[in-house]
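Below is one structure, written out as structure tokens, with a few remarks after it.
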Amino acid sequence: MNATTKLKPETLEKLARVSTATLCTQLFKRGLRNVFIQGVVRLTDPSCGNLVGPAFTMRNIPAREDLDQISAFENPEHPQRKGIESVPPGHVLVIDCRGETRVASGGQILTTRLLVRGAAGLVSDGPVRDSGPIAEMDFPVYCAGGSAPLNLIHHHAIDLNVPIGCGGVAVYPGDIIVGDSEGVVVIPRHLADEVASDAAEQELIEVFVLERIKAGAALPGTYPPDAETRAAYAAWRKERGA
Amino acid sequence: MNATTKLKPETLEKLARVSTATLCTQLFKRGLRNVFIQGVVRLTDPSCGNLVGPAFTMRNIPAREDLDQISAFENPEHPQRKGIESVPPGHVLVIDCRGETRVASGGQILTTRLLVRGAAGLVSDGPVRDSGPIAEMDFPVYCAGGSAPLNLIHHHAIDLNVPIGCGGVAVYPGDIIVGDSEGVVVIPRHLADEVASDAAEQELIEVFVLERIKAGAALPGTYPPDAETRAAYAAWRKERGA
Amino acid sequence: MNATTKLKPETLEKLARVSTATLCTQLFKRGLRNVFIQGVVRLTDPSCGNLVGPAFTMRNIPAREDLDQISAFENPEHPQRKGIESVPPGHVLVIDCRGETRVASGGQILTTRLLVRGAAGLVSDGPVRDSGPIAEMDFPVYCAGGSAPLNLIHHHAIDLNVPIGCGGVAVYPGDIIVGDSEGVVVIPRHLADEVASDAAEQELIEVFVLERIKAGAALPGTYPPDAETRAAYAAWRKERGA
Amino acid sequence: MNATTKLKPETLEKLARVSTATLCTQLFKRGLRNVFIQGVVRLTDPSCGNLVGPAFTMRNIPAREDLDQISAFENPEHPQRKGIESVPPGHVLVIDCRGETRVASGGQILTTRLLVRGAAGLVSDGPVRDSGPIAEMDFPVYCAGGSAPLNLIHHHAIDLNVPIGCGGVAVYPGDIIVGDSEGVVVIPRHLADEVASDAAEQELIEVFVLERIKAGAALPGTYPPDAETRAAYAAWRKERGA
Amino acid sequence: MNATTKLKPETLEKLARVSTATLCTQLFKRGLRNVFIQGVVRLTDPSCGNLVGPAFTMRNIPAREDLDQISAFENPEHPQRKGIESVPPGHVLVIDCRGETRVASGGQILTTRLLVRGAAGLVSDGPVRDSGPIAEMDFPVYCAGGSAPLNLIHHHAIDLNVPIGCGGVAVYPGDIIVGDSEGVVVIPRHLADEVASDAAEQELIEVFVLERIKAGAALPGTYPPDAETRAAYAAWRKERGA
Amino acid sequence: MNATTKLKPETLEKLARVSTATLCTQLFKRGLRNVFIQGVVRLTDPSCGNLVGPAFTMRNIPAREDLDQISAFENPEHPQRKGIESVPPGHVLVIDCRGETRVASGGQILTTRLLVRGAAGLVSDGPVRDSGPIAEMDFPVYCAGGSAPLNLIHHHAIDLNVPIGCGGVAVYPGDIIVGDSEGVVVIPRHLADEVASDAAEQELIEVFVLERIKAGAALPGTYPPDAETRAAYAAWRKERGA
């Protein structure tokens, strides 16, 4: 399955309503243990709620002083700038900063351009600069906090839309990125449809389980649910028409 | 002195009113330098103010893929689940996650069960999942932030209520755990009574010192107080009937 | 140029109005890549906005148990206490804690004394204790978060106003310290005048660029600006009388 | 299967003749990815070659200054000393030091006692002291190098022969420990028989493959072997009577 | 200048006779501060002395459990295997392992194939497996030590001969790699000719300086040499006919 | 007691014959837990055996690109060069590199000058360059391994013979430095006489204990020795005339 394989029409919407915790459990059930981007937090509080969209990637290698001067940006083909102009609408720009936390991946102007172009969000395993103004934007930004030094000090953008690592996780172009207040999970594209369905199911039963726990039920038999709890859940669900 | 030795009736109440900074100073005066759990922050803003209570512990070792599958939770004797059902009311569940930050110690359902059962709080040197909903709970939770992957990926719960390390600090069952907005201190049980008294004393004099500093007093003679300042403090205290 | 060389009268005021990101770019253009203090966040939300002022430094070495007892503070010449009494008004106390995050650099009483004495702010690459009360102070404090254990556990204050490292950056007495919500930059004193001017210029053009980007302009030609954009900027600037 | 389940008589001998690399591959084929103890090197060059034997474990928690004084060793029931007196002949003492590298796990006298008692070897994820004299011993010792400070500074031995973590790997009492010049692998006891057989098979074919590669064969078809290479291997093996 | 630009015929030979320390100084004089691969040691003691040759690169991203099974190697186009079959004679295979030290980059069979194919050497910022047998090979291997787990556990080879990072340093295909007993330096290809010449010059004068220092000369005037020392050096050099 | 206080004439000689492990134990008995320099190994194998001598210190802060150019060394007052010319015969140069492992503290020429001037040895918590040739010198060198980049990339030498931190340990000028194959311990000068005596005593009894352990004695009663063992030791010692 490649990066442009069609997803079911409802998949992205379903994914927008489930937590990254649930998605990690669903992927764990399928043998995938390393899907949560480490070292990254949500910087903004976007009105859209969760971040959801396919990955468009950018790869950085370490900077070299003779190549990575301010003048490098005068080249309109500079991959960092070209990358931002290339992210398709609805896609998430995922940047591989090799976990380097001492300098920024980008700043307010580039993030604003992403927003204007209709990108779904930004994920970087490095920090951003202008983190104060960016934190006020209505746009999903996940990164390693804020840091004022510019990217050229340690990064050289080299490739667009190739498989990368981000926060220790493999990200292939077209993989489905989901972010909530906890962080960002990477769903291999060919699993997105089934994971979306099963995650929605899981969350429904966990709503029921949580109600029971709040009402005083003990864990054994309730979480995970035994036959009796499952029957009660089926009835509860029927009532709710869910 | 063992984990069930009686404390003075007023000790826990006194401890709830002093800061972890003061408690660290009191323990330092007694030769204890390593009592503050490292790498842990307060996730919630509980109405009870400080966390105070005796420790009930849970120990994790690294997971092994053949043992630590989702099905493991179907066993009602699974130590993670059993542990939560065993924490005595008023006790603090302290979890040894070996400082592993890549996966969660537990999530909203388990934390809710702890709350319902009357536990005093939760301390873990790993993150929690569902950190968004947990942050809204009226329950003291201290942990290494939020992380979506489930515990089974890196943890195998193995023991309950044995001595553990948490955030680099020894925690013996029954030790008194105190948490404020800064973090969590572990007080060896046999020192709790005297430390509580001396900490309350120390904080009273620091209120006085801080007033003086705010009013323009220089540090020498004021902090630490010399004989004159101590005399002024004695008078101030008498006035206040403290 | 030494620590007391006069700056232009408007320099500090200009620096108070620009971001640390802009200052890092200006210093990068001058060949300085390592000017942003790593591992430090703003703890308070001071009404003065940015922190600006010349550095007054304090140096710590590792503690030794026989020297670093509570009684050490009874000596009025103890460098930590003397340092706080020596910071000239308008200066920033910058503390070298060797990046040690396990214990505090200082607490509420010392910070209050700094404020009362008219210091411009506090920067430490270690945490502070009493971080809750300090966070409420109207005083710029940058540090590695909060931590309850006292400084004597790992620090011995040894020198005042000597060149130090802080967060991996060289800080010479008299260097100009600027902090915003993102962090703290160290400007070598002899560069402060020119960097202040150029930073103000850079921010003005970036206001214009950001407007254009918000209005839908693409990056090429806009950021960095080409001749056409520069002409439009000149006109815009003239209109604004800037 | 518990710690005393019988292994096939030839299993330990087979394991002594294969590399930890081969064993990691065999365990990976069975879904086990985390079996190699991280951060540990072989300190000695024992005449027995590889280390092989069932694990006997010791668990440490962080030290506490009031408990962990020199006088603690006067208690003959001190778990560190008792542990060394309890390791059954042919077993490997595996010590959980929580990866703490600043102090030693033990020294020459304890290691000598282990040797005299007939232990198969010592594995610790902390350093040893007296690493110079120990390096000359004819006894397999794997550890995090040498470090002079004694264990009491950071460790309190608390448990014997319970499941532990060592170098990030789960170690259950009775698991089979194998060490070569590269490091130490932990084989879950119930897999030891089959892993030993398959590893021996794998190494035999790799001897053949390496011969071919040395003779100029290209990787494709040779490594991994295709049908033709497998046939040639079968013939080669028959010749050798292996 | 691209990866195939011709070097002067004597350049590689000159580089084989100078130390990486000297090369770092020469590159520092040209403004390049980040040219030494961090975290890598020489594993072998090759008869050829220093490693010298142009870089041929391999890039890894994090593994994903569904893709990175043992069966992956059956594909003759697997980039790790194809990469080894593609390294041109005289070139150095440089592998980007993202500094991951928990698993191997490769082992004895692959390294032997490199040797047979006439590669100049192997550099990886991860460990190798079979480090014992590899250490005996007459082939320059630089890596992060030895580690038994196979690459598939954490790596997915994805690209050949693209710019990469290795040990924190940018490596472009065709850059000149030089390794001595201290480690590995990366020389941008367009600087190789001049750096080789100047390094040879520098080492000659340092031979003279070291002789003087051994004979009792003080540092001032000798290192760096003043006019008088430079004159003595010129005479010494003339005598030697160098 | 200051840095020039006289030691007993036999103290240094006694210290040369005991291990750093024993010295750590003696200092632990006196309440000093942090005396072993972390992250440092012995690079050379000097004929003198252990390193012993009073500390002469050098302090580095982070480099700044405008100050730390190659030309800096032309100043004969450059503290790195001046420091080497100032170490008194018999003293140990101890360099504070802030644990920075990416660049060297110094190289072969400077180390040779130290040797010629009669210094007792070199200790640095950074690496050295020219580590290959230095490893062949008959001179005690302890450092964080070898690294080719020059000090100016990350260090600015700023102070001589002031209290410093090295490998996490406080070093005051005149403290007694002892190094063996395991590493380096720092003895506060005022404790050197008594620690030397007690360490010699401890090692003698440990020779006896080790003999007994080799002969099959169990730990209880032998290590630590009980009354009977102590009596046997007294006899053994008398026999030996020790």
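Order as written gives the chain letters A, B, C, D, E and F; numbering starts at 1 within each chain.
The rule is short, and it goes like this: a contact is a pair of C-beta atoms (placed from the backbone, for glycine too) under 8 Å apart; a residue touches a chain by one contact, two chains touch by 3 or more.
Please read all numbers here as calculations on a predicted model, not as lab measurements.
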Path length in steps (a step moves to a chain that is touched) from chain B to chain F: 2
Target chain F, source chain A, minimum contact steps: 2
Relative orientation of copies chain D and chain E, as a Cα rotation angle in degrees, nearest 5: 120
Shared interface numbering between chain C and chain A [over half = same, under half = different]: different
Centre-of-Cα separation between chain D and chain B, whole angstrom: 37
Distance from chain E to chain B - Cα centre to Cα centre, in angstrom: 50
Intercentroid distance (Cα basis), chain F paired with chain D, Å: 33
Residue list for chain B, restricted to those that touch at least two other chains: 33
Chain-chain contacts as defined at top: A-B, A-C, A-E, B-C, B-D, C-F, D-E, D-F, E-F
Residues of chain B defined as touching chain C within the complex: 19-21, 23-25, 28-29, 33, 35-36, 38, 180-183, 185, 206, 209-210, 213-214, 216, 218-221, 223-224
Complex contacts: residues of chain E adjacent to chain D: 70, 73-74, 76, 81, 84-85, 101-102, 104, 107-110, 112-113, 116, 129-132, 146-150, 152-153
Residues of chain A defined as touching chain E within the complex: 30-34, 61-66, 98, 156, 158-159, 162-165, 168-170, 188
